[in-house]
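The two complexes that follow have subunit A in common; it is paired with subunit B in the first and with subunit C in the second.
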Partner chain A sequence: MKHSTFIWFFSPTALAMILFIAFPIVSVLVQSVHAPHKAVLVEVETCTPLVGCTIETSIDQEATRELREEKPIGRFIGLEIFSDRGHLAISEVKESWSSSTNLNEFFKKLGNLPFYRAMAFTLTFTFIVTPLVVIVGFLVALNVNALHERIKGVVVFFSLLPFVITPLIGALVLFWMIDSRGVLGSAIQWIFADPNLSLKASTGLMWISLIVYGVWHAAPFAFVIFYAGLQTLPADQLEAAQIDGATRTQQVRYVVLPHLMPLVSFVALIQLMDNFRVFEPIVGFNASAHAQSLSWFIFNDLGGETRQLSSASATSVLTIIGVTILLLPVLRRTWRDFMEKAK
Partner chain B sequence: MNSKLLSIVGALSITAFSAAQACEINARVSVVGNEFPAIQTVGAGAAACTGAEVSTNLTADHQKINVPGMQGNPAEYTSAIVANSSIVALMNEDVIRPLDDLVAKHGGDLQSSQLIKINGKIMAVAFMANAQHLMYRKDVLADLGISVPKTYEEMLAAAEKIRSSGKMQNPVGGAYAAGWNLAQEFNNMFLGYGGSHFEAGTANPSVNSEAGINALNMMKSLSEYMNPDFLTHDSNATNAEYRAGNIALLNMWGSRASSQTTAEGVTDAVKNGHAIAGPMTVGGGSTAASTLWWDGWTVAKNISDAEAEATFIAMMNGINPSMMNDENIRTQAVWLIDGYKPTDAAVGVFEAAKMGTTPYPMLPYMGLLHTALGAELPDFMQGKESAEQALADVEAAYVAAAKEKGYLN
Partner chain C sequence: MTLASKRRSVSLRIIIYIFAALWLLIAAFPFVWTFWGSFKVELDFFSVANWTNALTGERTIAEYGQPFTDAGYEGAWIKEEFWRNVINTFIVCFFVVCTSLTIGTLGGYALSRSGYRYTLILLIAALIFRAMPPITLVSGYMLPFFEWNVWGILPTTIIVLVAINQPFTLWMLHSFFQNIPKELDESAKVDGCSQFKAFRLVIIPVMWPGVITTGLFSFLLAYNDFAITSMLLSEDNRTMVPQIAAFLGTTYTEGNVMFAVAAVVSAAAPLFILVMFFQRQIVSGLTAGAVKG
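What follows is the complex of A and B.
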């Protein structure tokens, strides 16, 4: 392809990437190193119904407006927000390290800091859900592929349902089922003969519920990719293996799996990214008392009456860094394959 | 005689209503607000005006959109319906205008108690009051010979009696969902123990105090009589438990009092046994362990004077005193509107006002502390850490946020 043709061909994509990927990243980077101006506070008389008048603190709008107009983006604070308690909590971590006598105590103190607590859950979730999704998706794809043509369509449709359902709705359905008065919640209480047993009240059980939901929701995605991959597997390869006397397990191990390997990396890549940003189940399960994630922090910062834009931006930057670190091995592998092909 | 009187009242209310119908405006009106029945009534009243377009966006997510929707120039929303907590966000961002001139020109029907004055300027017009107070099952209490609890200590004793009688396993309800609700319950209890959220005149937190620890311990004791899922129960879920007859005692919002027995699926036992009382006190204190709230409307700053005037007229129509003739509307809230006669559902809120219940703090940084409480207290409620540690965490989380927002150095 000529260079000029390539540029014309590629420019719409490049433009879209700049608009939708580069600009937002630059935007959160800039916002994460700025914070709102110092508030100028005044004491004013406030009168409200049924109470009467009291003296309350309020913001001096005139003085604050001047500050804002002078520098609309806010005050530059460098990496202050990244190191505060809500994020990397540098000084708190140092303090915990020096005041702890053993590692156990240190990790316990670390778990009390929001960022590290969220990381503990997010990484556990990511590294359990991702392989399970790949395995379950692969097994379902193998089995569906072995079905008779007539019922395949129906089974494919039903296997996809968990993925089709809006994540939040799916989470809510499961949430009500595991409620102590729900179908699963009551069943578990009955099985263990303990009326106070509650999935929602125990951190461990809540994590398991979230992980089960994560696998349930994403497995169909892996399934449909692998199923499509299986359709491209040449029949003669399998036949050759059968003639060689390979068992079904050996066929899967030595023929099917190597054929699907690029798809496995693809599914793993997407799942690592998705699971690191786990969000909907935490909201749907009302699980913030037990499990938090960086995405949930962003949501919490932006909602309600607080609107901590700088904090949310800093968390976004940390999310981008986290995703990059997670994807590094997969990206390196892709890059190596690419270079080998280029040779 | 009675029927004649009724027909006269009816005729009067019809004329009053048609007078309300005659509301004429000549500029755009756009309202954003929460979605409970009383606010929907106000929105519908504003939308009845003719002459220009009136749009309303009433949603539970109103707090996420009202500030951004009023920051533009011209603002998307010409009015936001707010409460004492949420007006602070609008004041902080300077997006609402003083209403003194409009009140003088069009505010004929308003009572002086409806005017929210900040620094001598009218910033909002309140139309209803709200507070959390006791709701209980009088049949259950009467069966066991328990008198209506006046303090949280009595509530605990009553809960123990109900549980040991075998009537209910978990007789206490409360909106203890991690986040905003749990923090609000802490606020109630903390004020009841005589606590004060900030060091006077500063943004320095002071929740890590004896009152704070007492408040948390009381909440923990109460939670032992609650459904084990209490950390996921917001007001809706708590009320569902009450309506299903699973709980007998709860501290609940006055604005929900009238719908407690009218919602779908309420059992007859609950319908006949439902009763309300004022807020309780705690720890021998005299201050109610509750907070007093108002709901009202504001007018945006970044709109033309014509739009502001039209908005004011339309919103005045939304809180027209003639509405108070409608039985259904009257029971929706504790209205602050002229001509309102309290219904049975209003007893709790009026009792709260009579007891001198502390209003929810209208401070620029209260929202940050509320959020920090909601995020850090679940650890204590689950027994993962001590009350002192949880409150120290709350203060640390708040200080980090307050530094970012420029309230603390």
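What follows is the complex of A and C.
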């Protein structure tokens, strides 16, 4: 295809992506080093006879508005927002490092800083949910593959539902069930014989609930991928293993698993990125008191009456950096695949 | 696999079916339960007295004389005017799917037919864009949209969702077009067609399976989005998902939780129908992504 024809075909989609993905990323970067203008203050000296003169400071509304209209982006403040308490909290971290006698104490102090608390949850969530999704998806795929042909379709239909459902809606559906008055909530109270047990009240239980949601939502994705992979498993390989007297576990271990390995790494990489941006379940579970994520911080900064664009932008930049780190292996893999194909 | 199934023992077969039943329960029970409960009153759905009330609807009978009531749906759809949000959602989804498929098909086709190095760079760029959480982009939209006075309206959200959709659409359609033999449009070009005419006459008639699959995923992205729609739409223009989130804030205080439950069931229903009719396409779309990496 000629370059000029390519440009004609590609320009609409390129334009959309440049305008609404590339520019916003730049805009976020710029905003994260700017803060809203301070109000312009004027000092007015009023002198009254006998009392004397007083200097009053007031906001010059007009000048402030002019300044804001002239430069809506605000004033340049460098990396100040990144280092403030709501983000990387550099001075607080230094302070707690020097004042702590051991690591335990240091981490406890870190846990009081919002950014590190959110990172703690996000990383715990990401690195627990991802392997669980792979394991559950693999087990279900093996299981469904062994079912009778006729009911496979039905099982696949129901399996797709948690994955296809709107994340917020899926989270709400689970949340209402684990409510202390909901069916699962009552069941848990009954199992532990504690009528006051509430998943919403404790941080640990809330994290577990969120992780359960994460696995429930994403396991079907892993299942579908692995299930499709199982269909391409060459039957003669399995038969050869059976003739050699391999037990069922050995067949899975030495034949099925190696065959699915590329898919396992694919699912794991996608899941790492998806789980890192965990957001909707925190809203759906109303869990922000116990668990926050970077995405939730951005949402929280942007919502409400005061839109804290600078703070949200700084968190966005930090999130983008995190996602990029997780993305590097995927990029390497894509590059390698392409180069191999090109050979 | 016939050999394996013949040798499967009875006990193993029982375990397999128990496990399958358990998985079905985990995957489907929350939906069945919520659907059933949406026709009850709040005191049955969230029952302090006895969880079986949610099944039998004891309080619902006491209040309405029958075990089922559509009070939640009436409250959500009529009193809270949820139908407006439903219409908004379908407007947004329709235009997002149409626009992103139109420009995505052209772009994906070009990527699959151009052998130059820059196609790889463009695909990698699309992959990076795809990985960006949409909510990180929102703070970049706010200021310009306020300045141009386009914040809060449906067209803005549609364009943003189309753009966010593009990387995925490009990847998906790129791999579909690669499976259509190049010889088809090459021979049309030899016969004197321009590239565009070859695309129109030769490729368009055979591309529909791929386009439909990609369209399904575009629809799901637009339909399921919460981050963009909740941030970029004003109160009057909300789609279903941000409206449900807004319900939560108000209904928990007013005691109208059943409105939210009814709204959730209403918003989930179209997705069920979608999976029912397009199960095969969704599965093939998911696996196409996996195979291509």
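The criterion applied here is as follows: the second predicted complex is superposed on the first by the 280 of 343 C-alpha atoms of A that agree within 3 Å, B and C clash if a C-alpha of one lies under 4 Å from a C-alpha of the other, contacts with A are read in each partner's own complex, and residues count from 1 in each chain.
Operating definition for what follows: a contact is a pair of C-beta atoms (placed from the backbone, for glycine too) under 8 Å apart; a residue touches a chain by one contact, two chains touch by 3 or more.
All figures in this text were calculated on a predicted structure; none of them were measured in a lab.
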Task: Which superposed partner A:V51 touches (first subunit B, second subunit C, both, neither) - done: first
Open item on the list: If you tally the residues of subunit A touched by each partner, is the higher count for subunit B or for subunit C?
Closed with: C
Open item on the list: Looking at A:N286 after the superposition, I want to know if it touches subunit B, subunit C, both of them or none. Which is it: first, second, both, neither?
Closed with: both
- [ ] Name the contact category of A:L302: first (subunit B only), second (subunit C only), both, or neither.
- [x] both
Open item on the list: With both complexes overlaid on chain A, does A:Q61 touch subunit B (first), subunit C (second), both or neither?
Closed with: first
TODO: With the two complexes superposed on chain A, say which partner A:V183 touches: subunit B (first), subunit C (second), both, or neither.
DONE: second
Open item on the list: Taking the superposition on A as described, I'd like to know which of subunit B and subunit C A:K94 touches: first, second, both or neither.
Closed with: neither
TODO: Look at A:K200 in the shared chain and tell me whether it touches subunit B only, subunit C only, both, or neither; answer first, second, both or neither.
DONE: first
Open item on the list: For A:I81 in the superposed arrangement: first (subunit B), second (subunit C), both or neither?
Closed with: first
- [ ] Applying the touch criterion given at the start, work out whether A:R332 contacts subunit B, subunit C, both or neither, answering first, second, both or neither.
- [x] neither
TODO: Using the superposition described at the top, list the residues of subunit A that contact subunit B and also contact subunit C.
DONE: 179, 181, 286, 302-303, 307
Open item on the list: Looking at the complex, which residues from subunit A come into contact with subunit C?
Closed with: 1-3, 5-6, 8-10, 12-14, 16-17, 19-28, 31, 72-73, 139-140, 143-144, 146-147, 151, 153, 155-162, 164-170, 172-174, 176-177, 179, 181-183, 186-187, 216, 220-221, 224-225, 228-229, 235, 238-239, 242, 248, 262-263, 266-267, 273, 277, 279-280, 283, 286, 295, 298-299, 301-303, 307, 309, 312-313, 316-317, 319-320, 323-324, 326-327, 330-331, 333-335, 337-338
Task: subunit A contact footprint on subunit B (complex, rising order) - done: 63-64, 67, 84-86, 88-89, 91-92, 94, 113-120, 126, 129, 169, 177-180, 201, 203, 227-232, 234, 246, 292, 294, 336, 353, 359, 361-364, 367-368, 370-371, 375, 378-379, 381-382, 385, 389, 393, 396-397, 399-401, 403-407, 409
- [ ] Over in the complex, which subunit C residues touch subunit A? Could you list them?
- [x] 1, 3-5, 7-8, 12, 16-17, 19-20, 23-24, 26-28, 30-31, 33-34, 37, 45-48, 51, 54, 102-104, 106-107, 109-111, 113-116, 120, 122-129, 131-133, 135-144, 147, 159-160, 162-164, 166-167, 169-170, 195-196, 199, 220, 223-224, 226-227, 230-231, 241, 244-245, 248, 260-261, 264, 267-268, 271-272, 274-276, 279, 282-283, 286-287, 290, 293
Open item on the list: Going by the contact rule set out above, which residues of subunit A touch subunit B in the complex?
Closed with: 35-39, 41-51, 53-54, 56-59, 61, 64-65, 75, 80-81, 84-86, 92, 112, 114, 175, 179-181, 195-198, 200-201, 203, 285-290, 300, 302-308, 310-311
